[in-house]
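Per-chain numbering from 1; labels A, B, C and D assigned in written order.
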Amino acid sequence: MEILPYCRNVYYYETDRMDVVSHTNYIRWMEEARVSFLNKIGMSYHKIEEAGFMLPVLEVKCKYKQSLTFGDSFCIYSYITEYNGFKMTIYYEIYNKDTKSLCASAQSYHCFTDKNMKPTRINQKAPQLHDIFINAMKVTYSELK
Amino acid sequence: MEILPYCRNVYYYETDRMDVVSHTNYIRWMEEARVSFLNKIGMSYHKIEEAGFMLPVLEVKCKYKQSLTFGDSFCIYSYITEYNGFKMTIYYEIYNKDTKSLCASAQSYHCFTDKNMKPTRINQKAPQLHDIFINAMKVTYSELK
Amino acid sequence: MEILPYCRNVYYYETDRMDVVSHTNYIRWMEEARVSFLNKIGMSYHKIEEAGFMLPVLEVKCKYKQSLTFGDSFCIYSYITEYNGFKMTIYYEIYNKDTKSLCASAQSYHCFTDKNMKPTRINQKAPQLHDIFINAMKVTYSELK
Amino acid sequence: MEILPYCRNVYYYETDRMDVVSHTNYIRWMEEARVSFLNKIGMSYHKIEEAGFMLPVLEVKCKYKQSLTFGDSFCIYSYITEYNGFKMTIYYEIYNKDTKSLCASAQSYHCFTDKNMKPTRINQKAPQLHDIFINAMKVTYSELK
């Protein structure tokens, strides 16, 4: 399966007094990219919720390498790097769209739960969803970085 | 009834590339000040919700006069300027805590609704809440601006 | 001159505990739409800054009519409704992209200043920029609301 | 040296549609707590900047353990866990102020740079600042968690 990265412009209000994007916004961009990625693999948040599951964030990590500022555009490449029907890790690379330089790499760690936030094995409870995540581990990007 | 204004420091991430607080944050500060004001008059959001009501925002207005930046503190004085048991207007003055200069004046317009967002007269449905809002119109601030 | 509205999806982190977009974000969306609009008319923030001017926000107003939530997309139509070479008013209509219902109408008020924030007449100081703003008052949208 | 933790209420606009604080805000809270901590140890951002240095964020990590929501208050305990005159690691524990339960633990990684973002050894360039950071590693909190 071949998809496109998640791209957009930096917003003015996302910059801080150093004239660069506040590092705090990258965690928000990871969420934007994750939502877009899950839509593209056919597994939207709404579909997950309608199936009775939730996908809370257990942990995030982000390494900042180069800054972005107002006027820049960025692209985020998301990858499922670990998935076992119960826990999932998503890895993100954030690139400056024009210079192609890597601005940040990041990870978010998740587990599946039921509506009451009780951890749940979707490989057992929802095999059809499980298959979609398994396939999504093989996603590649059609657009070169 | 005499109360204190809502005061806090500017956060680093609230500044933008002009090295001043992004004008977009003042609308958030109005919400912070409103929550604090309602707590002080004995009418917290939780109390409003527990009584079966909601207080959505119908309109906001904000006039920007002087900028604030990282390192500054501000104080917000909130006043109920209109209230008729159904609609309510809150007026806000945002001051630089140190220089005492007026940085912005703002207004938010609200109506009371039930849980289904249907407009509701709380003077009829909840006279005891109504009295609290009537009294809150007479609030004064103990701290000089 | 015919342009397209500014459209995007609602982000998950833009919702609040009422399961709707926090009203505070609409002011940010106005800024996003303004930046996009100015780009489209050939008058980007960078171009304004390079010419030695700034365009601070003097006042904002926003009327909330219908809520948006996660999963929704919106389109913003921006119009210069007043411009005299010195002050400018931009009017915004925010539509739910799918239902076509009007979610909010808003205004931002601006003046032109020099780099030291001193109010400046760009019709006198920069006639070629002035002409662009004059023309931008006639912008229409190719996409029906 | 004994200091107080950084405490405040959750803001309404910090919640998301799950009725809990968006996980993206914890990174902002870390910045708030860091600024407060540096003020308390006598090493404000302004002092660092005036001495000709900057303290960019190289990496952040945050583990989410328990959620917080509107109406809750939290306290953040910050600790310098690594410092060598060049790089610094700050560790944060975020507690629910009322229940005393640990809601998140987090780390931010920094290095010192000059005004041009070139990495700099402050132990050599500014020994008096260096001493303050060395002493800050021994900070304890007067308020029990």
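Quick note on the criterion: contacts are C-beta pairs under 8 Å (C-beta built on N, C-alpha and C of every residue); 3 or more make two chains touch, one makes a residue touch a chain.
Worth saying up front: this structure is predicted, and the values here are computed from it rather than measured.
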{"item": "Repeat of interface A-B, chosen from B-D, A-C or C-D - more than half of residue-number contact pairs shared", "value": "C-D"}
{"item": "Between C-D and B-C, the pair joined by more C-beta contacts", "value": "B-C"}
{"item": "Between chain D and chain B, distance of the C-alpha-averaged centres to the nearest whole Å", "value": "29"}
{"item": "Whole-Å gap separating chain B and chain C, where each centre is the average of the chain's CA atoms", "value": "26"}
{"item": "For chain C paired with chain D, centre-to-centre distance based on mean C-alpha positions, whole Å", "value": "36"}
{"item": "Multi-partner residues of chain D (each touching 2 or more other chains)", "value": "12-13, 24, 28, 31, 70"}
{"item": "Touching residues (chain side chain A, partner chain C) in the complex", "value": "8-9, 11-13, 28, 31-32, 35, 44-46, 70-71"}
{"item": "Residue numbers on chain D that touch chain C, as the complex places them", "value": "12-13, 15-17, 19, 22, 24, 69-70"}
{"item": "Chain D residues touching chain A - in the complex, by the definition given at the top", "value": "18, 23-24, 27-28, 31, 54, 56-64"}
